[in-house]
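Just below sit the structures, each encoded as structure tokens.
In the two assemblies presented below, subunit A is common to both, partnered first by subunit B and then by subunit C.
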Partner chain A sequence: MAQTIKIVEDFHPYPAGRYPADGEGNGTSFREKFLVPALKEKREVIIDLDGAPGYPVSFLEEAFGGLVREGFSPEAIRQWIEVVAKQPGFERYLRHIEEHITVAEQQSSAKHVH
Partner chain B sequence: MRRLSPEERIKAAAHARNRWKKELNRRDVLHSRIRLEPTLRRRIAETKRVHLVVPEVFGLNQNYSESMSIVEQLKQEAFAKDGHKRIFRLDFSQVEHVELDAFLVISAEIDRARNAPGIKNLNRFSAFRPRLWRPHVLAYLEQFGFFDDLVEYSLRRTKRRKALDLGFATVPTIACAGMAPERAGQLSDELRNVAQFFRHPTFVYEGLVEAMHNTVDHAYRDKDLLKYSPVIGDWWWAAAIYLHAESQIQVVMFDQGAGIPKTLPRWSKFEAVRGYFDGWGVPLDDDGLMIRAAIQTSRTSRSSSDGRGKGLGQIVSIARELDDSSVRILSGNGQVIYRQEDDVEVSTLEKHIGGTLIEWRIPVHRNGV
Partner chain C sequence: MFTDIPAFLETVIASALGFFIAGFGKAWFDAKIKQANNLEDGRDADVDEIIQITKDVAALAETYWFSVANDDDLNLQSRITTKINHISALSVGIFENDEDALSEAYRVISALDTAITHGDFGSKLRQAEPRRLTEILSKSMVVERTMRTQRRKLSPRWFGMI
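And then the complex of A and B:
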């Protein structure tokens, strides 16, 4: 059964920032603590976004786009990580996460070509 | 001239006598202090009094030039290197209207004048004859916490403004250093308390967090670009107001950094910014256009290899996603008002704002939209 991770309860009530220097609720720490282990162990996880005051772009980009930069394929990310949001107005974050993964992939393939 | 009645004459005489006694008492106290503390007379002589008369309309939207003149005068006096202590007497007696942007800028400057290295404890601020200030102006300043830490104020507060319909509700000023997302979260929560129909606090949180990110990453990094030394730490100030009549929330954030135009050349995406100027066919020296190009670059260009550089795009994203909302950025000598994708106003400011100010205006619809 997939493990559910509610960001505001299991990680930090104020997700924000990119690197540990930006505060405890940063995207790198979230990625390393929850997403990378799940992908390495090929374990299905559900990330629940509800309840947060919001998700700044730097947090989402670093958490999800950063996975691609660490070498995980977008297919694997989509296979093992499911992101859910039921709160009104939060559906835009699902779109943003998808964009970050796609852009990071394009960016890394462009880097490989050059 | 009207002849006074006997009762009025007695009253006036008693009033004059009280004033005279008070003055005698004041001198007695002063002289006894001077006797006990011989250097006091010299110190009093060395203290300079600076009278700052705030203009009738104190706002960067409606009266930028006059409002910033007062702020500039404050900074010049506070940072004067003559060794004098200064007492600033702030005179708001002519003020009819205060806007949140100007209020936040002057609050931040007072904060700096009291705490910046080199001038710490040299400057004091007091309210000059507050009984002559308009009640709604006094209440406005008080609600934002102006008299809590920044400005000394002696009028007995309980006597004031009973049942005054202010037409606004405030979230008091936050002064904070570095990344503090929890403060942004608290501010957006408090906005929901003052405006119960407010449905978009996530945009406020995200905008504030990205703005503080910009402050930490760029604003104070190069000290050579700063005219006046800042308080140690990457400080920023924020406040919010809900205006009932306009059904609008205004959130303002200000930092005293070098400003976006000056820090852009060190940005990893500066080449893209330069590309916009080449396309527009104008020289790279207009602050307003620099801010606009930075926003465009942040929004549309591919991320750099580490994914960074999207913050400015998120700061203005609310204007694209919510009808009737807008984002105004004042930085250096430039101003950009961002309403929609194709509705962007760029202008040049007569005076440098002394940092970067971002203002979000968000509608509050009672139908919950």
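And then the complex of A and C:
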């Protein structure tokens, strides 16, 4: 059974920032604490976005786009990580996350070409 | 006089019934019209609120990106993030029954969100980025324009339906 991680309860009530120097709720720490272990162990996790005041692009990009930069394939990310949000207006964050993964993959591919 | 009393009573009852039905129908119709008008007024008020919040967000973003990281960052970050999310939630309320309009609203809100909160937003080491302001103001105006346009296109909701 998939583990559900509610960001505001299991990580930080105010997710923001990219790096640990930016504060406790940063994207790198979230990625390393919850997403990377799940991918390495091939364990399904459900990330619940609801309850937060909002998610800055910098946090989401670092958390999810950062997975691609760490070497995880978009296919593996989509296979093992499910992101859910039911709060009004939060649906767009799901699109953001998908875009961050896609853009990070494109940038990664471009680097390999050059 | 009154030689055909049953027929007379029948006429009186039919008239009373007709009067009652017409009155009830008018009251019901008036109530529905009022309800629909209230919904339309509510939508207009929500759009006005979105536009006001969008202006607030742009002003907060200007303050934020005109200076390097400082003690007021957390305050500004929280207000910006929460307000953008509020714009998003209000849009759902207005366009929940119009998938295309909601999608368009999400697109322009996300563009504004990205303009403000991408890159070093939230970083304690961030530098001032006044060059962002043109993009932020441009995207905020697109949000305002799009909300007004999509609102105008929205069909009135009569009798609880679109």
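By our rule, the second predicted complex is superposed on the first by the 114 of 114 C-alpha atoms of A that agree within 3 Å, B and C clash if a C-alpha of one lies under 4 Å from a C-alpha of the other, contacts with A are read in each partner's own complex, and residues count from 1 in each chain.
Here, a contact is a pair of C-beta atoms (placed from the backbone, for glycine too) under 8 Å apart; a residue touches a chain by one contact, two chains touch by 3 or more.
From a predicted model like this one, the values you see are computed outputs, not experimental measurements.
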Practice item. Overlay done on subunit A, so just call it for subunit B and subunit C: clash or fit. Key: clash
Exercise for review: Return first, second, both or neither, reflecting whether A:Gln107 touches subunit B, subunit C, both chains, or no partner chain.
Suggested key: first
**Study point:** subunit B versus subunit C as contact partner of A:Glu91, first or second or both or neither
**Key:** second
Check your understanding: With the two structures laid over each other on chain A, which partner does A:Pro13 touch: subunit B (first), subunit C (second), both, or neither?
Key -> first
Point to revise | Touching partner for A:Gly65 - first (subunit B), second (subunit C), both, neither | key: first
Check your understanding: Once the two structures are fitted together, what part of subunit A is touched by subunit B and by subunit C alike?
Key -> 14, 16-18, 21-23, 53-58, 61, 88-90, 92
Check your understanding: Given the complex with subunit B, which residues does subunit A contribute to the contact?
Key -> 13-18, 21-23, 25, 53-58, 61-62, 65-66, 69, 88-90, 92, 100, 103-104, 106-107, 111
Exercise for review: Write out the stretch or stretches of subunit A touching subunit C in their complex.
Suggested key: 14, 16-19, 21-23, 26, 53-59, 61, 87-92, 95-96
**Study point:** Touching residues (chain side subunit B, partner subunit A) in the complex
**Key:** 179-182, 184-185, 188-189, 199-206, 209-210, 213, 216, 302-303, 305-308, 310-311, 313-314, 321
Revision key, fill the gap. Listed in rising order, subunit C residues that touch subunit A in their complex are 74, 77-78, 81-82, 84-93, 106, 109-110, 113-114, 117-125
